[in-house]
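There are two complexes below, and they share subunit A, which is joined by subunit B in the first and by subunit C in the second.
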Partner chain A sequence: MTSKEKRVRLPSQKRRRELLFVGLALFWPIMQFIVFWVVPNFNSIVMAFRVPDGETFTIVNFQRFFHELQQPNSPIIPSFWNSIILFVVNIFVQFPLVILLTYVLFKKVYGHKFFRVIFYTPAILGASVTTALYRYLISANGPVEHMLDWMGVEYSKQLGLLGNPETVFLMIVLYGFWTGVGTNMIMILGAMNRVPDEIFDSARIDGVGFWRELFQIILPMIWPTLTTLIIFSMTGIFTNSAATMLLAPDAPEASTIGWYITRFTMSAGSGLTGEILNYPAAVGLIFTAISFPLIMFTKWLCDKITNTVEY
Partner chain B sequence: MGKRLKASRWNLRTRQERIILSVIFVIFVVYAATLIYPFIWTAYNSLKNTREFNRDQFALPAVLQWENYEKAFSVRVGNTNIVGALINSVWMTVGSVVFSLAVTSLTAYVVARYKFPGATLVYSISVFIQTIPLVGTMPANYELLHMTLGIANKPLLWWLTWTGGFGFSFLMLYSAFKNLSWNYAEAAFIDGASHFRVYAKIMLPMVKPILVAMAVVNAISAWNDYMTSYMYMTDYPTLALAVYSLSSQASRIGIPVYFAIIMLTVIPTLIVFALFQETIMQNMTTGGLKG
Partner chain C sequence: MLKKTKRMVALVLALLMTVGLLAGCGTEGNTPDNPSPDGAGVSKTVVIRCNEGGFGVQWLHALAEAFEAAYQEEGYKVKLDIIAGSQGALNEQQIKLGPEKNDTDIYITGEFNVPSVMQFSYKVMKDESTALLEPLDDIYYAPAVGADKQPEEKTIAERFFPGFADANIYQSDDQWNGKVFTMVPFVNSTGIAVNPSVFERYGVKLPKTTDELIAAAQTISEKGKADNVYPYVWAGNNASSYWLYLWEVLFAQYSGVSGYMDFLMCNPDSGDMIKDGWQVYEDTGILESLKVMDELLNLDYSADGAVNFTHTEAQHYLAVGEAGFMVTGDWLLEEMEQDYYDEVSNCMMLKTPVLSVIGTECGITDEQLSQAVEMVDTGKTDADMVAAVSGLTEEGAARIRAARNIYPSIGAAVNCMIPAYSDAKDVAKVFLQFMFSEDGCRIVREEGTALMPVACESYDVENPTPFMDSVVNLMNNGEATAIFETYHSAMMRTRSGLSFFNYSTYGAQVFRSMFMNEEYTAQYIYETEKQYVKESWANYLAYAGLS
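Take a look at the complex of A and B:
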């Protein structure tokens, strides 16, 4: 009798200890998550429907947004298009190019280890340093100007490439191109390295060439990783602000939605401009509402592709 | 031996493949040069005097002006100088890496290895939050950190923001713990070891490579973080913020001195990266991100 009781009680005591450990271990991270993630995210929705000192629900922040959209010099419209252009260039030009370049690295082109490290350095140096270097590369009398002169390209030198409203955004796009190879390359290279060697061996015996191997073997095999990277990139469409902030914070031609919101938050937060934090919260909510379904649709589409190329 | 292997690999390739590889190799060389050149250019221009720099940006320095680095240390940034910014960068980097990995590794371990109600939910939420595009949180975060909690500009409270357990490192450590064998832990439990002891003495050492890789990656991004001190720790500018905020005053402080500040900012990360390059690449490329 007693032994039976013991047998029933022992595991439950063991289980209780286990749950106590789980509870103690997770208490802090869960509290931290609630305070620093759930609360501000929930509050950002509440803020969007309020004004300071007003207790009641209001849509004035949204009305203001749509009113500002109709203004001839509204900064929102160019910011929106710039965000979209940066994203499109990133996904449809840079991303395929990075896949091709990574594939060549994966093929162990001469010096591949050296290139792998060098291409990753922009991520190591950080944006404030790479933008500082970039600014001098394209400055008056800098190397890029010398090269453009040598190539015979005609352009206005008076304002400099970053000071000229016509070229400033192009410079930001090119900066993204220049520094944006490394991080994705490392992830994609990792995925390629995980493809089993036997697949390549049998493909080689079947006489599969460079392009067929890339499109018919590698791409389907690494598709889940690519999906993740595409989704990550999409979550940043309307939050990216780094390049604009660091290279041309005052140029309306180079603004993005991310920078528009950051800047507004800073000026409202300083309390010097009489602006309110509720307005950028509402703007943010609008762009979350635009990009969220877009991401879910992309995710659904990518998963569908994954299922059709089952190997 | 190695050379012969390489040569045979080259001969194995088809003609078409060799042409493509050669073309892309040239692109690689050019691209690598554009990344290396500005860095070397900045390095040697940081050792010129201003007059020399203005005369010719491309020539090598006639005499190495090491005092530019001495001058760099006393350049004002916000309410401190570059030495202060260096100290800020160090404590923010060390603090954020230590606090966040301490919490994240235990969280990842518990979620990966223990069965409890809501375990899958916790994991799903932490994956899900990485994919939702939260555009408008910044104003609410600003209000929370500056006004509601008031921990902005308070180093002794700011560590609270570092102790999150569900970031990107969580996913990496989660899969690392998930793939470990439970045998040693089982044996230790039979010997009467506590849950925490098994975690700290047996399981944690087994994921050390991932932990080191995460620590280095997190340290580099913390070192390069200018946004936190720009928005929340304005009284404690980091070197990364100094490089940004001084860029508009570069000609006043002297461009070579400004370049010396850039060098001071990047040398520590380059050393760390050089030391741990293999670990980072291995763990990012082999363990890495799974779809």
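Take a look at the complex of A and C:
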């Protein structure tokens, strides 16, 4: 074999090796995707069109949803609105506040390291710890109740804040707010730190102030990160169930669509409500059909709002 | 060089992850120790999968050790596979995997839908006449065999307590009706647990009728207010449905065990479930039992904040004497023994007070009813009761006795079973015979906090704790009848999702809702539920695939 032939074959060998490497590297994630995403999702779609242990195609599970929906005080309606409220609070209250708080920390105000620890802590702690802590804070005769007594605020001691149908969902919203701040803050602070210092130096020379820097420099530059967070929030709109499950699983006033579905799947195999996974599969499919165009529209809207800045 | 090393490391990691993924897809299957299905029943090692429930697992370790010691000559071994939580659905899937991928020989597990698994028999066994679960009739209708390897006098079937014996018989709509594939290992009785110290402190006697129960709640509420002691506590956060354990036994007291069973199975008087199944919701026992719940479920009687207590928090209130009673199960001691062994040992499971309306219908006052119940508890005959309680007929006495001797249980939710393809099924059956023997019962009694639902001499232990004594007392030496809400055969309910209470306004949270909304009276719930199930019956049949 001449040295010229060697030179000709080398790129091909290299390519084969690269293909093998890429193939092997991708094998695991692809398998995982198939086993844990494609198969369960396909199976749940099939289940939605069957009855327990039945082989034939049926739309009875979808009919059941609309039947349940038409009942007086159907739990689906408040669950739907609770899901929407959680999303709206997240996007229109929590997000702006987190952006502002993050910007304050980013500007390294006095004590920013201390505040950073305070805000990050709920995001770092496990859900079981934050839940226990939060439940203790608002429990019967807990610190919050003592504070309310001291302030002279009237509330039902018999029901407690998490037991009262009028306050339980507010408590869940506040919990989501408290635990969500740190996570979003980490993401947004990361995006702000990536903005080149030269831009801030230039802005400072031009006399740009605190608010103008936030709205006209920072926000446009971190917009791709915010878009991702908004889309994430949007995808979770009808799957959000964690806070209800952790804090008030038996309270119908605190239910969300995510929890409405989860309750059925959790009780599968237990006693009387044994084999009704088919119905929650159908409900899941209905809400996927609702949320999918919403997500696509939100993404389109976010892309329209501002041009992506490359840096 | 560095690039090459990085690539190698990446490749090794990718391979490791792949192996990990594939390893996770399989199970041990048949090993040399557990040979192939062709040699079914030849292995000497029994693999037992048991979930760590409220009945604990210490007893199983002790039982396995005693079994191995007894069968040392034969070389029988036990391998335990303890899992957290019931994971019934997971176990169902595992059994369906077949002999190649499943080496478990005995399952002791809860939340397991037997008919659903049996429907996969042909798929797994490839034989129309072989069920996926091993029939246990040969050991069930035979005497148990203890450590001395000698058959005991009575058969296991004869020793099973009423209610549990029925639960062992497979009832479904397929070819295996009437056979025994599962055996209930534990009583798992539920009902009212009381802290007697609270009752003593406020001079209230333990209630024997529902009127006395409500009066007790009222008295403790008034007298205990200053001490922050409440009549009862409950777990509105995650276990508000436990009130069912009280309601269903009150219902069964009024309508009889057969009435309760008809309700559970949706079996109307006409016998035509498809056409008239909804009629079981017309039973007036539902209304009478709901009336008691309506009076009892009052926030003034409940511990402040209990609407959002978890079950553990609620049990804490009971253990430390901040509440007089709560609805729970005999797992209370197992769950709380780490922190409150002494306190809970002195608590007791109360025999469910008899519906006062039964006394009224028998033509006697509530005081007289209480007296009659006392006589049932102290072993007096019906004739003694008729003689002592003026106005009480023999029929009435029998009705009161029957009502007093009903206790609720979730025992039938947990079962022992053997996959038909187990290669150690012969030894597995010997193990079950050992487990249900006098020796097995004694070990379970000594090492655990749960009781087996079979008549055993070992129940008469020296110095039992008041709690365990009360649990034994509930069963009244096998005279009492257990009722369950989780029979295998409640197919209409398991397949359609038809619960006891279904109307959308309150649904499964019916008792929680009764606390929160005055509109939800007994009459309202009875009427709306009756109407709703009647109107929706065709839908429920469709959900179950029965229309």
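Throughout what follows, the second predicted complex is superposed on the first by the 282 of 311 C-alpha atoms of A that agree within 3 Å, B and C clash if a C-alpha of one lies under 4 Å from a C-alpha of the other, contacts with A are read in each partner's own complex, and residues count from 1 in each chain.
Assume a contact is a pair of C-beta atoms (placed from the backbone, for glycine too) under 8 Å apart; a residue touches a chain by one contact, two chains touch by 3 or more.
Note that the structure is predicted; figures quoted are calculated from it, not measured.
Participant: Is A:Ala48 contacted by the first partner subunit B, the second partner subunit C, both or neither?
Facilitator: Only subunit B is touched by A:Ala48; subunit C is not.
Participant: Quick one: classify A:Pro78 as touching subunit B (first), subunit C (second), both or neither.
Facilitator: neither
Participant: Counting touched residues of subunit A, say whether subunit B or subunit C comes out ahead.
Facilitator: It is B that touches the greater number of subunit A residues.
Participant: Quick one: classify A:His67 as touching subunit B (first), subunit C (second), both or neither.
Facilitator: second
Participant: Tell me which partner A:Gly176 touches in the superposition: subunit B (first), subunit C (second), both or neither.
Facilitator: A:Gly176: touches no partner chain.
Participant: When the two structures are overlaid on chain A, which partner does A:Ala25 contact: first (subunit B), second (subunit C), both, or neither?
Facilitator: Both partners, subunit B and subunit C.
Participant: Please identify the positions on subunit A that touch both subunit B and subunit C, taking each partner from its own complex.
Facilitator: Common interface on subunit A, subunit B vs subunit C: 21, 25, 28, 32, 35, 141, 264, 268-269.
Participant: Could you pull out which subunit B residues touch subunit A in their complex?
Facilitator: 6, 9, 14, 16-17, 20-21, 24-25, 27-28, 31-32, 34-39, 41-42, 57, 103-104, 106-107, 109-111, 114, 116, 122, 129-144, 146, 149, 160-161, 163-166, 194-196, 220-221, 223-226, 231, 240-241, 243-244, 247, 262, 265-266, 269-270, 273, 277, 281, 284-291
Participant: Which bits of subunit C are touching subunit A when the two form their complex?
Facilitator: 7, 10-11, 14-15, 17-18, 21, 25, 86, 88-89, 92, 110-113, 116, 119, 236-241, 299-300, 302-308, 410, 413, 485-486, 490, 493-500, 503-505, 507, 509, 512-513, 516, 532, 536, 539, 542-545
Participant: So in the complex, the part of subunit A that touches subunit B is made up of which residues?
Facilitator: 17-19, 21-22, 25-26, 28-30, 32-33, 35-37, 39-41, 43-44, 47-48, 100-101, 104, 107-111, 114-129, 131-137, 141-143, 178, 181, 186-187, 189-191, 193-194, 209-210, 223-225, 227-229, 231-232, 234-239, 246, 257-258, 261-262, 264-266, 268-269, 277-278, 280-285, 287-288, 291-292, 295, 299, 306
Participant: State the interface residues of subunit A toward subunit C in the complex, per the touch definition above.
Facilitator: Its residues touching subunit C are 21, 24-25, 27-28, 31-32, 35, 51-54, 58, 60-61, 63-64, 67-68, 71-75, 139-141, 157-160, 162-165, 168, 247-252, 264, 268-276, 279.
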